[in-house]
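One chain, chain A, appears in both complexes that follow, with chain B as partner in the first and chain C in the second.
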Partner chain A sequence: MLKELIDGIFWDIALIVFLAGIVWNLLAVFTRGIKKDLAVPRGSGLVGAVMTNVRRFYPHHEIAPRIRFQVVSGYLFHVGLLVLLFFARPHVEFVKDISGVGWTPVPDWIFNLAYEIAFAGLLLLLLYRLLSPVTRLISRTDSYVGSILVLLVMFSGCLAMLESFEGLRLFHRFMVELLMIYFPFSSLMHAFLFIPSRGYSGAMFGRRGVDI
Partner chain B sequence: MSTALERGVETLKGQIDGRVMSYFSSCVSCGICAEACLFYTETGDPRYTPIYKTEPLRKVWRQNYTFWGKLTRSLGLSKPMTEADLADWEVLVYDGCTMCGRCTMVCPVGIDIAYLIRKVKEGMAAAGFVPDDLLKAGERALEFGSPMGLTAKSLRSAVTAQEKEIGMTIPVDVEGAEYLCMLSANEVVAFSEYIGSLAKIFAAAGISWTLSSEYFEATNTGIQIGDSGIAAELIGRAVAVAEKLKVKTLISPECGHAYTTIRWDAPNILGRPLPFKVMQIMEVLDQLRAEGKLKTTGSFNERLTYHDPCNISRRGGVLKQPRDLLNLVAPNFVEMRDHGSMNWCCGGGGGVSSNERADPLRLKVFDVKKRQLDELDVTTMVTACSNCRNMLDDGLEANDMDIEVIGITELVASHLAER
Partner chain C sequence: MKHTTAAVIQDTGEARQRRKRYMLWSFLLLIAMTLVLPLIPYAVAYVQDGSAVRNPGSELWREVRQRDQAVIGQTQADNVDAGILINKRGEEWRLFRMKKLIPFGAILIGGILGLIILFYLIRGTLRLPGGRSGKRILRFTLNERIVHWFTVVIFWILALSGLITLYGRYVLVPLLGPEGFSVTASASLMAHNTLGPIFLVAILALFFTFVKNNFFARGDLKWLTKAGGLLGGHASAGRFNAGEKIWFWLAVILGLALCVSGLILDFPNWGQGRVVFEWSHVVHGISAVVMIAVSFGHIYLGTVGMEGSLESMTTGYVDATWAEAHHDRWYEEVRNAGEIEEPGQSDLSGGVASGGVAQSRSTD
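Let's look at the complex of A and B:
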């Protein structure tokens, strides 16, 4: 019964909420809009928007030494997570089952490596959040809930992969469904909204002729 | 909720556009912005974390535009904004932020935090939480046309003194001149050699220009307070004078926020494009240099560096021109390690130096500039903002540092070739 719920209606609800929530968030930002900039531009806003999206993947060298811990941990987590999400064998098979589209998954040793660096990155970030006076002050409930949910998803996924029995697979899927429902209503939306966020700033500075 | 508080909250709601929504939705509270802010790095106080300073606006966004915020508000579970909140944030926003935008340069998701601070100030001003010194400066700006209460008489005094100094007539209220030069109050009372320098340079270059006695103030206390009404009124006066004198170009003087206001904000505050060009004085001087109309002789051989005014360089886009000009006359020009668009703020901009309550804090955060200068071992610092100049002088004096601060226009003018 639980299997039918988790593989069935819960998945459908989670998917609808996830996709509708992302679209709703993006529409909310773009329909709210911004006023047209009437100042005579010095450069291109479009180029600024695109280039800032690219440039913000690496920090300015002036600030890099001060934020090395956050940047390295952040990349460990995000790169590891991307490998797990898109190239773990069960995920590739899952997508092929529902869509017919498949690609080559990573071998198990890469899966293990990706899991370890993603887990290490997330734990380091959580540790930093708990220990730094700055992040302790500015973090909110959402900052911790999102991180813990992702941690549970990754942990349960790794266990399911290693032990490979149905109960663990269902637990992992259920954690994923909870995350998908939580996602659009949380700061996890930065996964999509970082693009317009960087873009708006990049466009403004691009018009002023400043590379940011 | 009191009427004033309600007004503040409604004003904050009105500030929320697509940019604000994308910013707050993307923020993951990483705290990286703190590492770029001199108010945090020099005090160690996490309350000066830039994104934390935007909390009043973020709270209004969350409670009105997010699922959890609206849900908790409807269930009576969220804390409404209080006057105590705004009183706390008044110090953070007005004493502990110059809107320099260095934080904007480092945010991994690209949040323009200085843009958010500008919007927070609108709400603070509407609710009546603005430092008294700034409010009084605003009142003087509206009554006299200058935050220091200067009048046309003050300008004429400074002009007369400079005319005697340089032996030239300085044009005032000349209709049809190509350029109208605005001034900051500081340049009239403390650095009037700027006016004489303009006269010498423009005479040598053979271009027509004028000052205006009707309205000469380029700074905008409305922007510093966060009151768009005052900002629009002051900008309107500057634009009206430029239109009346039928100039082709308005020159923004050596003042950071004056430049971003008149060049980048004015058309949007007034709701129409400006009928004339706007250039910062260094853009004009560099253009004259490129056209061969600015000829210099000799050089300033002291080891010197350049302090980038944040709102001219990072947020204004005038980065290359000061360097081209300095390379004309200063063979021993050396850059500070963090310069250009990643410079460190002087700590006095955006109204902070007009706010006496912030004096101990701004002198404390000058430590970062002190370290930059100690590394370079210079005798002179050049800048292009009279407010930075005052702040730098204050900081150097407080730290017993023997470094002279001069304006770039004055430096160039003192090396003009004979015609």
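Let's look at the complex of A and C:
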């Protein structure tokens, strides 16, 4: 019965909440509108938007030495997660089962390596958030819940990697469904908002002819 | 013609019976010869030598079992140890695991845990003499604390999953049943094998972060003879006392032994044979059990055993009274450098590279 619930109705609910939540969140952001800039533009907003998006992938040289730890750990986690999520064989097969669309997965050893890198990166970031007095002060419950949920999803996935026990696969899937329901209402939405956010700042300053 | 039909019928019947008797006796003779003929060489040898003769097949199986020396045969399979039919050492390894590692490991871990609980019940928490002063000293920077807790998390995931693999059949099967335990064991094995390589990174980071203050120095032997103050009054110490230094080197050496043996076991594609796996498992098992047992002492002293210890690894700061009581030589260095924070100084300077106090000890 648990299998039918987790593979059936819970998955449907989680998927609807996830997709509808993201669309609703993005619509809410884009329909807020922006104040019209009456000044004569001195540069291109579009170029500013694109350049800022690219430049924010590496830290500004003035602050780089101070945030090296967060940048390195952050990239370890995000790059590892990207490979894991989209190119791990069980995930590729899962997407192919539900959508019919598939692609070539990475070899299992790369999958394992990506997992280790992503897990280490996330653990380091979570420890930094807990141990640094600055981030401890500015962190809210949502910051911890999001990190811990992602960690649980990854850990449960590791436990089920052998693909020998249905119970472990169901536990992993249940964790994923919880994360999908939580996702649109949390700071994890940065996954979809970081591009428009950087783009807005870049466009605004780009119109004013300022390089940021 | 004298032969009547009745006579012919009678003759035919008798002949048939005779033929049947011949066939039966021939068959029985054949069986008897099959059983008796192979024994003739033994009988001859017995008569000739006057003693029992071993089964000639025993020579073959002795060579196969490698009682006298390892004999490598030839097979079509082209991998390490493919030519060894039976690995006699495998039984020795199995007996070591079942009769030595498992019971003695349980005694060591359980014994040390029991002693610690007994010590706590008798002695209680070691309080700060005279209470807290309110003045703070930065003991561990943010980087040091992150490296420590990262190692702790990875170590305990591996320790628990390893203990489930070693003792699960005795402890968990009665609780979860065989099916429940098989799921738990599979999950533990995956967690252990996948996260194991990360422990190497953690141990190396721990080594390079803490090594510079962990070389044995003047005063460490005296600290040991006083058992850290348990015998014979105050024991002087620098930033790290002799007990902490011993734990550091044990953790690094045992940790590296665990990592090297673990990698050999986790990646069987470097041409390792059975003997290498067996020795790796022995090293891995002994190192793990010793490290887990000794870590209980470290955990006890860092938490309930000593007032004011845990906050050094959570906030980075210790009370000045704590520093003076347990690490007096380090306290003197810090006091002379003017690095004692008075009550009310900003919390945000703690252990972060931007803080002036932390910068001198920051590993950024």
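Definition applied: the second predicted complex is superposed on the first by the 209 of 212 C-alpha atoms of A that agree within 3 Å, B and C clash if a C-alpha of one lies under 4 Å from a C-alpha of the other, contacts with A are read in each partner's own complex, and residues count from 1 in each chain.
The rule is short, and it goes like this: a residue touches a chain if its C-beta (ideal position, glycine included) is under 8 Å from a C-beta of that chain, and two chains touch if they have at least 3 such contacts.
Nothing here was measured: the structure is a model prediction, and the numbers come from that model.
A.B. asks: Figure out whether A:69 sits in contact with chain B (first) or chain C (second), or with both, or with neither.
C.D. replies: After superposing on A, A:69 lies in contact with chain C but is clear of chain B.
A.B. asks: Given the touch rule stated above, what does A:44 touch, chain B (first), chain C (second), both, or neither?
C.D. replies: neither
A.B. asks: Does the superposition put A:132 against chain B (first), chain C (second), both, or neither?
C.D. replies: both
A.B. asks: Quick one: name whichever of chain B and chain C touches more residues of chain A.
C.D. replies: Greater contact footprint in residues on chain A: B.
A.B. asks: Which partner does A:120 contact after superposing on A: first (chain B), second (chain C), both, neither?
C.D. replies: After superposing on A, A:120 lies in contact with chain C but is clear of chain B.
A.B. asks: Going by the contact definition given at the top, which residues of chain A touch chain B in one complex and chain C in the other?
C.D. replies: On chain A, the residues that contact chain B in one structure and chain C in the other are 66, 132-134, 137.
A.B. asks: Could you pull out which chain A residues touch chain C in their complex?
C.D. replies: Residues of chain A touching chain C: 65-66, 68-69, 112, 115-116, 119-120, 123-124, 127-128, 131-134, 137, 155, 158-162, 164-165, 167-168.
A.B. asks: Which bits of chain C are touching chain A when the two form their complex?
C.D. replies: 142-143, 145-146, 149-150, 153-154, 182-183, 186-187, 189-191, 194-195, 197-198, 201, 314-316, 347-348, 350-354, 364
A.B. asks: Considering only the defined contacts, which chain B positions touch chain A in the complex?
C.D. replies: 16-19, 21-23, 25-32, 34-36, 40, 46-47, 49, 51-52, 65-68, 104-112, 115, 263-268, 271-273, 277, 314-317, 319, 337-338, 341-342
A.B. asks: Would you pull the chain A residues touching chain B in the complex into a rising list?
C.D. replies: 25, 28-35, 37-40, 42-43, 52-53, 56, 59-60, 62-63, 66-67, 70, 74, 129, 132-140, 142-143, 184-185, 187, 189-190, 193-194, 196-202, 204-205, 208-212
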